[in-house]
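The structures come next, written out as C-alpha cells.
In what comes next, chain A is part of two complexes: it sits with chain B in the first one and with chain C in the second one.
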Partner chain A sequence: MRRLALLLAALALLAAGCGKGSSSDEAGRLVIAVDVPVTGSPYVAQTIRQGVELATSNLNGGGGVRVGSKSYLIKVKLYDNHLSARTAVEDARRAIDAGAAAIVTDGTGVDATWQLAKQAGVSIAITHDGGTGLVDAEARPNVFRIAPTNHGIAFRYAEYLIPKKLKVALLSDDSGYGREGAADIGRAFASNPEAVALKLTLPAGQTDLTPQILRARRSGATALLVWGQPPTIASALSASRSIGWQVPVYTPPTGSDPFIRQQLADHPEWVDGLTFAGGRLTAEVGTGPFVNFQSQYEATYGADPVGVKNSEGQAIVQPPEFAMYSYDFVHVLLAAITHADSIEPGKITAALDQVTTQGANGDERGFNEHNHEGVVDDDVYFARFHDMTYQPVQDDPLSATLPLIPQTRSQ
Partner chain B sequence: MRRLLPAAAVAALLAPAAALADVQQVLLPGPTPYPTPSPPLVTGGAPPWATLTFKIHSSTDQRVRSGVDERGRVVSVRALERLRLTGTGDYLIVVSAPVLDVRTGPGSESQPGQRRGQILWSGFSSKRRLLVSDAKLHPGPVRPYLPLRLESSREGDRYELAVTNATTTSEVAFQGTGLPKELAVLLDRTRQDSLAHRRLRPAYVTISGAISQRPRQARISAPLRVEGRLRFPSAPSAVGGATLDGRTVRFSFVLGDRQQLTRRIEVTGGGEPKLSLEARPDAVVRGLTPPGGAGTWSAAVALAPQPADALLERLIETRMELVRSDQFQGFLSNPDQLGRDRTVYVYETAAAPHAVAGSTSSSSGGDPLTVLLAVGGAVVAAGAALVTWAHS
Partner chain C sequence: MSVLEQTAVELRRAAGEARERWRTPAWLALAALAIAAAIPFLSLPGVRVDALADTAYLALAATALGLTVGSAGLPSLGTGAFMAIGAFTSALLVARSGWPLEPAVLAGTAAALVAGVISGGVVRLQRAFVAVSTWLLAWLVWLFLLAFPSVSGGSQGLILPPRSLLGLDATPTVHFEVALALTALMALAVAAVRRGAPGLELSALRQAPALATSLGVRLAWRRLGAFSATAAVAGLAGGLSVQLQAVADPVSYDPFLSFKLLVAVLLGGAAATLGPAAGVIVLGLIELAAGPLARALQLPLERFDTAVAALLLVFVLAFGGQGVLPWALRRLRPETPPQRRPARPPPSEPGPNEPVLRATGLRKAYGGVIAVDDFSLELRRGETAALIGPNGSGKTTALRLISGAEPADAGAIEMDGVEVTLAPTAERVRLGIARTLQATAAFRELTALEDVLVGRAVRRRHGGLVRSALATPNARREQEASETAALEALAIVGLSTAADVPTPELTTSQQRLVALAAALATEPQVLLVDEVAAGAGPEELGLVADAIDRIRERGIAVLVVEHNMRLVRRVADRVLVLGAGTVLAEGSAAEVASSGVVRQAYLGTARL
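Right, the complex of A and B next:
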C-alpha cells in the first residue's frame, strides 16, 4: 500500500513536470559550455572564455533571452580540455548532462565529440582551430565555426603570393596544426608548382632551425611560408635573420601570437616585415564597431598585454580577435534561440542555419544550410609587422581597404 | 524601387490632378514600378535584406529551366543565375526564392549559401566577381510566375500543344488631351529604347485640361519570343502552326506585341513527342511601328494628322508592355536595382518519374508510425514495470 502511495506521488510529480512548468515571471537558466585548454594554451582559453562571458553578461544584464513568455539567464560553465581529445569527450558528456545548449571550444577533440553532441542535439562552436574537415555542414550538421579556416588562408596566400613571382619555401612544423596546414597549402599551390621552391617539415619545439633555413636558402627560395606553432615561427625568423637572410616570411594567424614578439623582444627588427594572415577585425563600416567591442572588453578584463614595447616605449596590446569570435557566436546563438522560440538544443541547432547577426567588427555573422563557417575565405586579410605592431598590407585588394587597429597603450 | 504601385494609389494621384491645372506634365509608365510584386520571386517570412554598397554594381543572366509533364504542367524548376559584380568592396546578397537546394554554378568564384527561401552570397569583390548559383526550386510557388502556360493533349493520333503568354495583367491607365507632335516624339524615343533592348528612361507627357482614369483597365502582356521544337519517335504525317523537318516539328513566334497570346501546334502521327522550348521577354516592335510606312512617328504625324488620344493610349500601353517585359527579364532578384537582367525561360519534357518501391526501409527509424509505436510500446512497458514493482 505504501509503495502504491509512493507510485501515485511519483506520477503526480511527473504530471506536474509535463505541464507548462514554473511561473513565467521566474527566470530560467540556459547553459553555454566553454571547453578550452585552460592548462594547455592559457591565452587561447582565456580569450575564448572572456568573449563568451562578455556576451552573456551583456545579455543577462538586459534580462536574458526571452522564449515565449519566459526569460532565461545564461550561465557559462567552463571546462578544461588540456588540449586532449580524450578530456574533451569527457567534458562534452558533462556539458550535455548539465543541459548545455551549445559547447564553445577552441577545436580540441571535436572529431571525437561532435557525434556525442549531435545525439543530444547540442551544437558545437569552434572559435580558434581552422582545421579542414572539422566543419562539414552535411556530415556534421551540429558543428559550426567562427574563425578563419586553414583552407581559406591557404588559398588566399596562393592568390596573394603567386602573382608576386616569388619562389616560396613551404615550411610546416610536425604538430597537428602544421601537418593540416601543410596539406591545405600544398593543395592551394598545386596548380602552380613553379611558385614553390621547397616543401620541408620542421621539428616543432626545436629552437635552432638554422640547418632547415639554410636548406631553404640553397633551394633558391625568395620567400618563406611558415605554417606552424608560434615557437616554430619564432625559431624560423630567428634562424633566417641571424644568418643575415632578410627573406620575407609569411605565416598563418599564429604569426600574430604574442609569444613570437616576446621571444624576439631583443631583436625587434627581426619581427619587422613578418606578414600573417588572419580574419579581418573590421568591416567596411570602419573601426568603430571593433573599437567599441575592444573598449568594452578592456574595461571588463583589461587589455591583453603582448609583453613588449615599441621604439617609443609604448606598451603593445593584443586586439581581442578570438574573444570577438566567441562573443559573436553567443549572439548568433541568441538569434537562433529567438528564431526557434525554444530552448531545446535540437531546435536551436537547426535554427543556427537560418539567422544572421551583426558581429563585433560590424560584419554580418551567420551560418546557412550549406556552410557552417562564420568567417568566409574572403574575410582573410594580410597584415605586416613594423615596430612590434601590425597593420594591413597595401598590396592586397581586401587588406588595402582595412584600417589600422590601435595596438599601443601609454604607460 | 521596382515595386508594385497599387492601382488605387494611381487613381488617387490622378483625381486631384484633374482639378489643379490646365496644362501639366504627367509621368508616363516606366521604367518602374512593375505592375505585380513578382517576378522577381519573393518568398514569405522576413523580407530579404542585403548589402551592396554604391561602389558595387551587378547584372544578371538567368536561365530558368522548367520540366513539364505530358500535359504540359510544370513539375520541376531549376534556375541558373549568373550574377556579375563590378566594383571593389564587401557584398552580402540575399536572393529570395523557394529554394529546395542550391549548388555552385559553372565558373562561379564563390559558393552560395542556402536558407529557407533564400540563396545567400557573402564576400569581397575585387574589381569584378562572378557568382553563379544553380538552384532547384519548389515548382508549386514558382508556377504562377512563369511567363508561359503550356497545355498538351492527344486525341487518337492527333497531338496538340497550346502555348499561351501568361504575363497578362490589368493596369490602371489615364487619359487626357496630349500634343500630337510631342506624343510622336515620345513614341519615337520609346521605340528606340525598345529596339535597342534598353530599359525605358523616365518620361513626362504634356496634358491639356482634365486628366482622368480610363474607364477600363488596360490589359498588358510582355511580348515573348518563343522558339521550340517537338521531336517525335517517327515522322508525323501532318503539322499545323509549325514546320515539319523529318521527325522534328519546329516553331517560332512572338506571343503578344499586337499578335495572338496563344498559339496552337497540331500534329498528326509520330507518337509521343519530346518538347524543348525557349522563351525570352522581347521588345515591342509592332506596337511601336509608325503608321503608313513612315520611318518615324514624327514623320507619320507630319504626313497625316493622328488623333492625340489614340497616340497617348498607344504610348502608355506600349510603355506598360515594355515595363512588363523588363519585369520578366529578372526572374530571380538582382541586388542592384539599376542593374541589367536577362532571363531565358526553357521548357522541356521532364523525365518520367521513377516508380517508387512499395516499402522503404529507414535505418533511422524516424517515420511517424515507427515513432508512435515505439513510444506507445515504451509507455506500456514502463507502466507494466511500475505496477509490477508496486505489487512486489
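Right, the complex of A and C next:
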C-alpha cells in the first residue's frame, strides 16, 4: 500500500506539471516557434503562421537548410498567446525548451519574453506590432521586426492630418498594442497640440464605447484616431455611427483586420470612410513581386476570405500583408543560419545582424547592429474603405502613387 | 547553561518529539517531497517546470487556506484576492521602483496581511455570510485592478524585469524548489498550529462557539489570526508566483482563482494538513484531462476544468465532505488512541474562607420583561451555593450576567476585589470566573482531554499562532503543562480513564463532567454550574455531587443553578431562591424548604 501511494504521489506530481505536448527537438530538424494570438486575433495569427509555413515548406521542398555537412528540415511549432503577455512568457519558455532557433510573434508580450529568449540566445521576430519600445538594437539585441513601426505610422499620420486642420480625438485601448501606439501618436502630435481635441484610453474588450465616443464628440473633435485591437476599432466605429456621428475614423494597420468588416457586415456603410495606415505592400520595382507572392500564397492556402461581400455580391479577400512579413523573416533567418554555419541560437541571432535578402515584395529585408527594423520607418501609406474593400487614398503623395491590390473574387 | 547549549537541548527535545510522532503519513509526505524536488533535474519529457512551480505556489496558498477552512471553519472565497494584492504590490515595487525581489515580496506579504486584518471583520459572521463577503472581496479586488490600468498595467498587465531569488537566477526550477520548500514549511507550521493551542481553540470555536467562548476562548481574535495568516501567506505566494510569470496580469487573478483554491481545499480535505496541496494536484490533473475531454465532448473549453472540479466537489461533499486525502489516509493507517497512564487529582490546597465574588443590585430586562432585578450575591472560597427557582425566574440570566455572557443593565460585580462589571467573558475567565452551560454542550470532534484543554486558553502565555507555528520551546513546554493540568482536571471530576475517548462517545452525565473539567482547567476561583444534573439517575447524580465536592475542597467557590433538589441538598451549603428575578429567600436547604414565602411563590404545597 505504501509503495502504491508513493507511486501515485509521484505520478500525480508529474502529471500536474505536464504540458500540452511540447517536446524536444528531433534530430535533423530545426524548430521555428510561431507564437500568435490564435484565439485572440485569429486573422493575424493565421496570416503570420501561414507566412512562416509557406517559406518553410518551400525550403523543405528544396532539401532544407544546409549547415556544415548536414541538412536540416524546418519544423514550425505553433503556440497561442491569447493576446496575453503572461501566456506569451509561458510559450517562450516552451519554445526555448523545444530548442527553437527563433520565435516569430505578432508582438504580444515581447517586453516580458525578450530577456528569457536572450538568455537562451534565441531571437524574436515581431511581424505585426509596431510598438516603438519593443525593438532596440542595442538594449534588446535579440529582438527584430519586419512590420511598419508605430513611430513611422504616427508621424505619417501627423503630417497627413495636421494640414487638414482637423481636431483629432486620440483614442487608444489599454492593450499593449494600444498603449504603445498612444505613446507614439502622442509624441507625433506633441508639437501641434491645437490639432488634438482629446486623448482618451478605451478599455480593450468593452463592446459598448458609446460613452467614450460621446465624450469625444463633446470635446469638439472632427476626426477620431483609434489605436487599438480590431474589436476596439469595430466598437468605436459602431458607437460613432449608431449615434449618427459621421466623423472620419483613422486607425493603425489593425483597421484592415477582417474582424472589423465581419463585425459591421450588417452596416457596410459604417465601414465606408474608415482609413488605416499600413506598410507599403508593393515595392519601387512595381507590383510584380508582391503579386507573385500573393499567387503563391493563395495557391497554397487559398485566398484569405474576409467573410463579407461587396454591393455587387463579390466575396472580399484579404491581401496577405502580415504573411509577407513573417515569410520574409524566415528567409532572413535562413540566410543567417547559412551565414553562421551553425544551428546554435546564439550564433544565429548574431548572424541576423549580418545578412540581407530580397523580400516577397521586392524590397530588401535585413538588419544590422544598429537597426533591427525590417520596414523603413516612413514606408507607410494610407488606404480608405469603400464597399468593403480599400484603396490607397489620393490626398497623400506616397499613397496616391500606389496601385490597387485586387481584393474581390467572383463567386 | 549557555544559549548554544540550551538551543542544543531544545533541538534534541524537538527531534525526540518529532520521532515519537513520526508515522506512515509523514514518511509518505517526505517521500513525495523528495520525488517532487528531484523532478526538474530529471529532464522528463512533457514536464513543464514553470507549470509545476505555479502549481506549487497555489499549493502554498491552499495549505494556508486549510487553516481558515479546516480549523476555523470559515469558507473563505477571497484567498485569490490576497494573492492578487501580494502579486501587484510586489510587481509594482519591482517594475516601477526597481526593488529587489525579496523585499518586494515581503512588502506584498505585508500588504496582504494588512488587507486580511482590515477585511477580517467577516470572521464574526455566520459561515454562509463569510463565503458571500469574501467572494465579494475577490470581485472587488479584481474589478479594482481592471478599473485602474495605471496600477495593473491594463489588459496586458505589468511586465516585470527578471530578478534574482535568494542570490540565484530566478529560473522556473529555482521557483519550484522555493515554492516546494515554502509549502513544506507551511504544512509543518499548520500541523504545529493544529496540534497546539490555536488549532484546538479554532476547532472548538468551529464546533460550539458559545461553549468555547464561555471557557474564555476569544472568538474574533483566534479567527482573525487564522484569516490574516492565510491572507499573508497567500500574499507571499502571489508575490513570488508573479515574478515567475514575469507578468502581473489582472486576468490571472479573477474571482475564479479564489473559487479554485477553496475547491482544492475541500477536494483534498480541509481537515488534513496536506489535504489542500493534494487538492491542488487533483485540480492540476483535472485541468490536464479537461482539454481532451472537452474536445471529445465538443464542449467549450472555457472554465470546463472548473466545472469538472465543481462536479467532483459535489461528489466529495455528498460522501461526507472529508476530502480525498483523509479518505486515503484512513485506509493506510487506522487510528489508534495513545496509551496514557491515568492521572491523579493533585492534592487540594484550600485557602481561607473569605469572600471572593460579590454581585450587587444586578438588573437585566429584555424589553418590558425584567429577568433579573436587584440581584445580590456573595460567594466565599470553598463554599457551594445553589440558586433555585421556577422556570423563568432568572437563574440562568443571573449566571450569564456574572460570567459576562450578557451585560447587566445595572449593578456591580467584583471578583476578588476587582470590578469586573464591564469586563468581557474572556477577561472574567482570566480573573477566575468560569461557567458551564445549561445544555449538554460538547465539542463533537474532540476527545475528553482535548475538550478540557480548550479550557486552558486563558492560562496560556505562549500559545499564539506564530509561536505555535514555530513550535517554540516555551510553546511546547506550555502545551505539556496544559496537558498535565487538563488530565488533573479530568481526574478531579472522576474521568481520568476517559481522556482519549471522543466526547460524543461518553454518556450525557460524563459529558457534563467533562464540561466541569474544562471549566476547572481555566483555574477558576468561582465556578458557575448550570443544571449539571439534569436528567441524571441516582448513580450519576452521586458522581456529579462527588465531583462538585472535590472542586469545593480545592477552595473554589461553586454556584449551582439546579432544579434537582437531591443534588442541591447534597452539595449546597447555602440556597438562594429566585422568583421573578428577585431573591426571595436565602439559607440552608432546610431553612428554605420551611420558608412560607418560598412555598407561596415557588414551591406551593410540595415538600423539599
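In this text, the second predicted complex is superposed on the first by the 368 of 411 C-alpha atoms of A that agree within 3 Å, B and C clash if a C-alpha of one lies under 4 Å from a C-alpha of the other, contacts with A are read in each partner's own complex, and residues count from 1 in each chain.
What we mean here is this: a contact is a pair of C-beta atoms (placed from the backbone, for glycine too) under 8 Å apart; a residue touches a chain by one contact, two chains touch by 3 or more.
If you're wondering where the values come from, they're calculated on a predicted model, not measured in any experiment.
Of the two partner chains placed by the overlay, only chain B lies in contact with A:401; chain C stays clear of it. Counted by residues of chain A touched, the larger count belongs to C, out of chain B and chain C. In the superposition on chain A, A:165 contacts neither chain B nor chain C.
Of the two partner chains placed by superposition, only chain C is touched by A:201; chain B is not.
Counting contacts as defined above, chain A residues 6 meet chain B in one complex and chain C in the other. Looking at the complex, you find that chain B touches chain A at residues 51, 53, 88-90, 92, 102, 110-116, 120, 122-124, 126-127, 386, 389-392. For chain A in complex with chain C, the touching residues are 1-2, 5-6, 9-10, 12-24, 83-86, 88-90, 93-94, 97, 109, 111-113, 115-116, 173-176, 178-179, 201, 203-205. Those residues of chain A lying in contact with chain B across their complex are 3-4, 6-7, 283-284, 353-354, 363-364, 368-371, 376-379, 397-398, 401. Within the complex formed with chain A, the residues of chain C that make contact are 24, 27-28, 31-32, 35-36, 39, 44-52, 55, 146, 149, 154-157, 159-162, 172, 245-247, 249, 251-252, 280-282, 284-285, 288, 291, 328, 331-332.
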